[in-house]
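Sharing a structure with you now.
So that you can tell them apart, the chains are marked A, B, C, D and E in the order they are listed, and the count of residues begins at 1 in each.
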């Protein structure tokens, strides 16, 4: 069903994608737009997480792996052991926003050091109030929210802010569901959390992002600051990994990925991410061309 | 002296008229038997005498039924009080899933009797029902462990314990063997010293043996709807009904039985 | 009246007069075998559960001592500085279960008594299927209702309770509401199957409806009612989506019902959504918690069977 | 024998008029009835609020697109078609796996197993226990079993149907047993006394009489399975499916999972979509229950 | 000529011996009545005559019961075949939830009879059971629509349809009113031309009216265990049993009834 509309080149077959739930909406958006062109191709997008995705990818079960961080060495080794060759593509940019309730009127900017002080494993049970971060802040109880331990976002944030993946105080409220985090932060007077910029944009009435000072002054999270790299360290690229053999042997996979890069800005907009810079697009196209 | 009177009583189930135009008196300290073929409305009439029919959806009564001269269907009469004063024993023994003792004590408790000693009250009720000797060693055991006949006597004891004035019995022996039946019949005769008893039975000999008066009912087609409805054919001294009935239908029924 | 020629005398039935079996009935034997095998398959399933849970659990317990698991009070399996004390999960489960039951048992039994003893049969015929349909509302829907309406709107905006984003109370209450239909429906069945003769016997003694209900019908149906409550407990202990959404995800010992907490099922759901590799410690953790959950429900069930045996009435 | 002092001769006891202390309209009785009313009303009120709010929230998207379109990144164009088909397919296969097995096992346990044999009692106890096991445990079991068998793709219809089958199998067995038990023993004896074999008695008398019970119970069990998300999430059911599921080995998504996913999206429009999909799911449940009621009314026998 | 013989039969439920040491012959084309107080094992003995007791968990029989000279408990005997040849009618009418026609046709179908015309067979069975005229216009209607007495005759018709040689009846009239009872008694007397009938009854008049021979049972304490167990007290021509019994206990039971 659903097929039989205007046929592009009449391709069919399956494109199997798995991996990060952060990146999944992007690949879904791509698949969505792609269906208008090639209705015969079935694109499936599962969300086993970045690591789970790589596991399947390196076992040859999937064509595409969505990832919110680069592949790790041991994961690459698993691919190599199974003779899977792959190519990394950057498909969009994302900003990790540091978020407070919309009603918060005392924080406008936090430095990376302050963030580290708030979130570090050593602060567990010790840093409990905003005025411990900066005496100018009121003596309001800190209520911390963040993604669950299984997400790429968690890995990324802990690495950038606390210097080690997974290193974080455990007395914050985790949830895999970003809407739940929005609910939580907006409802706590001293709420603070971090998650993808898109959820801030969509919930502007409830929460707002604060500026982050990565050493070169306060920078607001925005499309421009993420694209030009000034929103450090919390701006990050999103990846898809493609199985080289799939790309060269399955015309539907090739067609899908070419389309993905071609239409990246439209796709990013749909999924509420930040599009690629012209430079990034050129790199991606070159990578794909080299695969033939 | 009549304790209960029925004047021109009709009983309906929804639109269906199960009993039509019954007028009769029930005398104190007598046993009155209701006999007649199946479906002629004996149970229906009996249940309307203590407002047990209130529990059946759609059942209602027209005409007048009085108890000690008071209309029991008057608006300010509490059906609960009627049922306490006019007890009932059913066809199938229906002890509660409780101990023998609790089966008897239940009634006095719920109606708020405050006997000086519940144990005495239980003993007396069981004694009157001729059951005490058989169960006195197992009062705390479940009533379900008793035989059918014992269960039925327990149900009678339970009824006596709340001190009713009238006891209605709907085929109380039909589930019992002859020996158990005999004991219950003896019990009825003994109880009528203190109570008024109205009994429905299919067993003609039983009526002949125990009843002072007997009423014969049958089912006839209703004049208007054509549905069969129960009517009172003849009501008289038991000996008269059995030896020399006035109505041919009574004669047929009784002799058919003895044929 | 036709003549009775074909009927004839019984001795002329034309069949052999002996009594031994006329045919071996192989077909019947095959059917019996199929039925028997089907019944045994259920045992196979239990065996499979035990094996499937035992293997990863054994691996888990080689790395985490059983006592540390059972009595440790810090649950942080995925953090850099990991710890595997399951007590936080157990306390959260206990809270949500107790709260759910304190909602579901009174309301469920109240509804059941009303339906069985007071409602007009026609009303019952309508309400009972409606209840059963309500029992089928997907728990995902309940979960968001608990979070956005009960916790956020009611608790925090209207009642201004000192609670944060999540609470075991909101999850527990909504879970209780979810279980009401289950408890009501099964206890209603139990009470309806108490013979009418019991009610008549009680009424004939001058008991009113309330007395009859509470002193005769209710005790007589007790075994069925206990079974209903126990089923409610198992549903509460095993319910996943509501707690995963509304109870919070922070694994810590829950001290009061306005706190958040991660239940056993909440942990499993979340961890399974992530990327646990088969054979990794995280994966084994899932099964260790699953095994604990399984054993807990078994214990609850055994207790209930013992109760039901004790209280069963045969009419 | 004691004199009957406390019972004695029954004297006339006054009028039956007026309210007895323990009467039907005593304050206690009325309070009790009010409490009962309140519990039913509150339970219903809560549940109806839930449904009505969902309905109001979802109504803007309660249109045919919801039924015909595939999930999409643009909320305005997204629909739940594959989820609806996936739910129906998974439930159909669940029924196919579990009904014959559950009914056969129920028949064996109720009609033919010798309860004196300890192993038959073990099976019985085991079924009771299985019925109380949380759904998520069956999800883990299926995941573990498939991993052990080396199955890589666990997000296929067959795996989902297997998890749900395990979940409702004990319920079907119990329902079958209860329905068979409800058939009066006289029917069974009457048939056997005519020279029918036990199996003839089973197939021609007992089973036809238990159809309403088995059908109603099974449909209720299946509708519970229809609303389950947890075990399927554990098996990694897909969330974005741009095709119709077409068999046991096909990838799939189901309505509860689609709803879970949509509620997790940032855009408000997806939340509306999720509410609308919840209504669709409720409609499916309603349809299944309607079937159950029809079957019950058509086949119900009065003894 | 005796069709069924019992020699020294004991029937057990598990360890409990419900019937002890019964030896008696049942003659062809006669009606034999079994009477005695409740619990003396009448039903138990009756059910062991056509192996219906096999269906009760833990029930077993010692001693020998023969049918046409064959031991019905021999290992190679098929209980199903025994039950077909020795039919049974129960205390409570138990029609199947099917049409009247299907109730009758069921038996012949399941035992694999291939009558030239099923319609004829149904008509004949109903005619023999004196029910044809009452139901011939509603053969396709549910059997539950019939009155209790009609249902019981339907059950007899159903039994006749599979052409048994013996019909066992366990209190077939106890759920019926006197008129329905009379019709069934007439039917029994008519059927004994072709069948051997064994009937359990609590109704002494019934035994006196229909039975050729009567056996009186009672329950006595077992010598070894002290449990009460059923024994055959006296077995003789019905007139003898009722007018001049040899055993005092028989006399007591019978006269107690008539007391």
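Here is the rule we use: a residue touches a chain if its C-beta (ideal position, glycine included) is under 8 Å from a C-beta of that chain, and two chains touch if they have at least 3 such contacts.
All of these numbers come straight from a predicted model, not from anything done at the bench.
K.L.:
Show which chains lie in contact with subunit A and also with subunit C.
P.N.:
D
K.L.:
If each hop has to land on a touching chain, what is the smallest number of hops from subunit B to subunit D?
P.N.:
So the least number of steps between the two chains is 1.
K.L.:
How far is the middle of subunit C from the middle of subunit D, if each middle is the mean of its Cα atoms, in Å?
P.N.:
One centre to the other, that is 12 Å.
K.L.:
Could you please state the distance in Å, as a whole number, between where the Cα atoms of subunit D are centred and where those of subunit E are centred?
P.N.:
Roughly 45 Å separates the two chain centres.
K.L.:
When the C-alpha atoms of subunit A and subunit D are each averaged to a single point, how far apart are the two points in Å?
P.N.:
39
K.L.:
Taking each residue of subunit E in turn, which ones touch at least two of the other chains?
P.N.:
Within subunit E, residues 80-81, 85 contact more than one other chain.
K.L.:
Which parts of subunit D, given as residue numbers and ranges, touch two or more other chains?
P.N.:
In subunit D, residues 20, 22-24, 197, 263 touch at least two other chains, as defined above.
K.L.:
Residue numbers in subunit C touching 2 or more other chains?
P.N.:
206-208, 211, 273
K.L.:
What are all the chain pairs that meet the touch criterion?
P.N.:
Final set of chain pairs in contact is A-C, A-D, B-C, B-D, B-E, C-D, C-E, D-E.
K.L.:
Would you mind writing out the residues of subunit D in touch with subunit E in their complex?
P.N.:
114-116, 184, 186-197, 200, 204-205, 208-209, 301-303
K.L.:
Which bits of subunit E are touching subunit D when the two form their complex?
P.N.:
My answer: residues 50, 52, 55, 57-58, 80-81, 83-85, 87-88, 90, 92, 94-97, 106-107, 110-111, 144, 155, 158-159, 162.
K.L.:
Taking the touch rule as given, give the residues of subunit E at its contact with subunit C in the complex, in rising order.
P.N.:
So the residues of subunit E in touch with subunit C come to 67-68, 70, 72, 74, 76-78, 80-82, 85, 115-117, 120-121, 123-125, 127-128, 132, 160, 163-165, 194-195.
K.L.:
Quick one: which bits of subunit D touch subunit C in the complex? Just the residue numbers, please.
P.N.:
Residue list for subunit D touching subunit C: 20, 22-24, 26, 28-29, 32-33, 35-40, 42-44, 46-47, 50-51, 53-54, 100-102, 104-105, 107-109, 112-113, 122-123, 125-137, 139-141, 143-145, 147-148, 166, 169-170, 173, 197, 199, 220, 223-224, 226-230, 233-234, 255-256, 259-260, 263, 278, 281-282, 285-286, 289, 292-293.
K.L.:
Using the touch rule from the top, collect the residues of subunit E that touch subunit B in their complex.
P.N.:
37-39, 147-149, 174, 176-180, 182, 202, 204-205, 253, 256-257, 259
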